[in-house]
Amino acid sequence: MTKIDVGSELIYEVRRSTVFLFKIAVGQTNHQRIEQETYTFDPMQNVEDCVVGLDGNRLQRVVVDPCTLKIQYNATVELTPDIEMQLDVQESNIAQVPSDVLTYLNPSRYCESDLLGRFAFEEFGQVPRGFQRVQAICDWVNTHLDYTPGSTTSTTTAADVLLQRTGVCRDYAHLAISLCRGLGIPARYVSGYAVDLQPPDFHGFMEAFLDGNWYLFDPTKLAETKGLVRIATGRDAADVAFATLTGDAVLKSSTVWATAGSINDANQGNSAVSTA
Amino acid sequence: MTKIDVGSELIYEVRRSTVFLFKIAVGQTNHQRIEQETYTFDPMQNVEDCVVGLDGNRLQRVVVDPCTLKIQYNATVELTPDIEMQLDVQESNIAQVPSDVLTYLNPSRYCESDLLGRFAFEEFGQVPRGFQRVQAICDWVNTHLDYTPGSTTSTTTAADVLLQRTGVCRDYAHLAISLCRGLGIPARYVSGYAVDLQPPDFHGFMEAFLDGNWYLFDPTKLAETKGLVRIATGRDAADVAFATLTGDAVLKSSTVWATAGSINDANQGNSAVSTA
Amino acid sequence: MTKIDVGSELIYEVRRSTVFLFKIAVGQTNHQRIEQETYTFDPMQNVEDCVVGLDGNRLQRVVVDPCTLKIQYNATVELTPDIEMQLDVQESNIAQVPSDVLTYLNPSRYCESDLLGRFAFEEFGQVPRGFQRVQAICDWVNTHLDYTPGSTTSTTTAADVLLQRTGVCRDYAHLAISLCRGLGIPARYVSGYAVDLQPPDFHGFMEAFLDGNWYLFDPTKLAETKGLVRIATGRDAADVAFATLTGDAVLKSSTVWATAGSINDANQGNSAVSTA
Amino acid sequence: MTKIDVGSELIYEVRRSTVFLFKIAVGQTNHQRIEQETYTFDPMQNVEDCVVGLDGNRLQRVVVDPCTLKIQYNATVELTPDIEMQLDVQESNIAQVPSDVLTYLNPSRYCESDLLGRFAFEEFGQVPRGFQRVQAICDWVNTHLDYTPGSTTSTTTAADVLLQRTGVCRDYAHLAISLCRGLGIPARYVSGYAVDLQPPDFHGFMEAFLDGNWYLFDPTKLAETKGLVRIATGRDAADVAFATLTGDAVLKSSTVWATAGSINDANQGNSAVSTA
């Protein structure tokens, strides 16, 4: 059991009435308990708290009049160790995959598994099935891509990345997800906070469904999976943008942090902090 | 209230043990009541009936050993007229869209609304908002595309179609959906049966979310919306394939029919029938 | 007859032995006479001067050892007015197009005229043929794109631009060229200097082949065609990059200028100058 | 020295006056001498014989009124063995590549070497340079693609093929060309006839420029390079289509043949013949 302090601060210049959809609050799951949480809007706003979709993602919707808007989110989260990672975990036969998981075999906006299936089979068809095959995919992605901020955009897809061989965390995750789905392994995108991520920022990683459970992988290897705190889950980055806005507002600054705390040292003074 | 007889017959040559996921049975919704239904597999199979996803799509999963497999589906469906189509139906403000509908604003595999937003605004930004704007989009798609069987494949996207200007029903729907989402109007894909469709086949159309309700549109104008019987709903065609299979099987024939019946004439002898 | 002073200065940090191919010197054509020209490399280099391709583009090849390399190019060019632009100039029948011009009907890397032909016919099929049709294409491109530096990259194509509706000079030219070719009008890319371009930079524009001659068009409308001084001609930007390098060197600064001079005022003190 | 009989017969239904550009006659090069040649149009036509481009491609232009047009081409060609293939042939340093060859380093419509450069370096950067590196590229293409007629279209590019891993001769050539260019090796597309090709058809292959000469490669390995008879050379398939037509005509049948003849047996009775 680990205790982790996470948080983020976003400052927007809102120029006319704007509808914001935020996904920055951590999720409540079997493996992740929110011990305490504060979520403040300055100036104060009327915030609608929603739980959406099959995966129960949290979403805050707020309509903001022109102002300088500062959002601050803080949480202390208790992570129960996930099922122990073991190389002998098997892939689920598609005949046994729970029906609600089947949707994570479909191609999605940034994960064109329908295009990459042949490549996946050629490269990973002979790798022993199960946890180690997903691990082999993540290793391959990690080895063959260069982590290059600025080399991709918000519309870059897994197929683009497979060709150009550069990207950032979301691109690594998209490619790994696509290769899994191409092999018949359900896979999904997870946004979150990551302890000791350098530079600190929101992170994107993935989960593969194996033998009845979802297993976390970070193809960038920039963070340890035991330090990953989930915000939201989706088919790909299209579903879990930290903020979606309709109107006219500009992000002026963004600060994100995540520190492994302890019972005696819950203060976040030592956390890694970025300002983008 | 209309009564419609629909059905389909699929014949597969199954060469080795194959897992099939079928989406050919009609959905049960507020506007669509299944009066009677038969669903037969020959040879008989152990069929798992699932209801999946937020939209409650029905899905039949079956593992089939080598054989010639014949699936026949028949249903009589009672359609309650949808909310009357009216040009003065308004668009929902994004601040009011129910949270579970928000997902239908996201781009998806075949509907790259993130790429087509500027085009959508340029072409439809000045059209009065609401039902008539969606109608204008469907009219535009209908006018600017040529319905050309064989001109697209299962991986063709809305952006491809906007450039090449040809496609079939799924392509028409994908483009209309993308343009709606690009304008902030939630939109989704619907697969179904369509009365008097020529040539008879499974059909693909769309729904837009306006003023609190989903409204049906068929951008191909090949069928009247009052003769559309829903099978499944999804983000795009990736979610509602009539059959997905893992193993080795070949579709040998496919026959689809849909006829407006009446209380006294429920026999399907007059139905349009295709054999592909 | 106009006299124009043009020039550019490029500074590179060369980190290891690098082969440069430069295309920054103006071309010698029927309509463009080089009155004087200086081309200096500091430190001095062994420069190979080539004339390449069907269009007689000039190219300087030089192998540079590690250093800070400064290239300065200056020329005074006398432009003889091109054939007078007239709306009644006709398109050449493909049966009469000179055989060496036929190549400019083929699709090329950034001009996928094979993809955009249907769009071109739909949008411009009814426009009276000839000069005014090319003008209509350029007007359309100018109206429907937003000139947005940074919105495209060196691999952006005409099809991308037609969808996203933003770009810079090369994107405008690529789209106009593609639409011309799609209609059977030979068209090619021209790089050059442009009087009074704001901000000053190398410019990209296009030529269409009509009634036996090449006619200049600038779809960006950022410069007058009578102030366009040609450097090189090609199928698209792939053929006329101002510098191509193999090795390891970084462009530290680039300054470009072009001023309409006069017999009494050949000094370039008033020229618009940019430093990028 | 080998003597080869090649030929083709094309039959078109011409519905209205149509301009044809044919590239089916073999080229005259240092390594390829046309011993005899017949080229007939039935009904007879006024044929314009052109030699176009840097590579001296032959092109026949003809304007045909409505009719059933039958074109028959026959040639006996004497091939002088190309420079002996040797694994120790070196790559040309870009500083020494003749200036007119430089154009074959540029990306082109179906060969996006600008997108595939990183992949090329990653996969072939460590392979010893020279003939054997091009051979390694062709071997890789041959091993990793499935030759699947119908799996690609006339607009499929090298990047598409690298992802989908299927294609036909033109796709194999496009991918190999792109990878060569990505590594700085000039490469171009060659269309031609191929002895013993099964099924008989026009063939597409490639040339790489090494140590001052162009070397032939057939990445499909469907024909021996010593049995390849050149028709035309270009950047990619866009430049060498066997027929381009403007008007309204439909290809009704196409027959292609190529046989290694001998002094005593110049008849073509044993040639492989296809009718498509």
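First chain written, first letter: the chains are A, B, C and D, and each begins at residue 1.
As a working rule, contacts are C-beta pairs under 8 Å (C-beta built on N, C-alpha and C of every residue); 3 or more make two chains touch, one makes a residue touch a chain.
Remember, predicted model here, so these are calculated numbers, not experimental data.
Engineer: Mind listing the chains that sit against subunit A and also against subunit C?
Structural biologist: Of all the chains present, those in contact with both subunit A and subunit C are B, D.
Engineer: For the sequence-identical pair subunit C and subunit D, determine the rotation angle of the Cα superposition and round it to the nearest 5 degrees.
Structural biologist: 180
Engineer: Averaging each chain's C-alpha atoms to get its centre, pick out the one most distant from subunit B.
Structural biologist: Measuring from the centre of subunit B, the most distant chain centre belongs to C.
Engineer: Find the geometric centre of each of subunit A and subunit B from their Cα atoms only, then give the gap between the two centres in Å, rounded to an integer.
Structural biologist: 31
Engineer: On a C-alpha centroid basis, what's the spacing between subunit B and subunit D, in Å?
Structural biologist: 44
Engineer: So, what's the distance in Å between the C-alpha centres of subunit D and subunit A?
Structural biologist: Going by mean C-alpha positions, subunit A sits 48 Å from subunit D.
Engineer: Can you list the subunit C residues in contact with two or more other chains?
Structural biologist: 115
Engineer: When you draw the chains as points and link the ones that touch, which shape shows up: line, ring, star, complete, or other?
Structural biologist: Graph shape, chains as nodes and touching pairs as edges: a ring.
Engineer: Can you work out from the touch definition every pair of chains that touches here?
Structural biologist: A-B, A-D, B-C, C-D
Engineer: Which subunit B residues qualify as touching subunit A in the complex?
Structural biologist: 19, 21, 48, 50-54, 59, 61, 63, 93-95, 99-100, 102-103, 106-109, 111-112, 114-115, 154-155, 184, 235, 238-239, 246
Engineer: Over in the complex, which subunit D residues touch subunit A? Could you list them?
Structural biologist: So the residues of subunit D touching subunit A come out as 115-116, 118-119, 122, 144, 159, 162-166.
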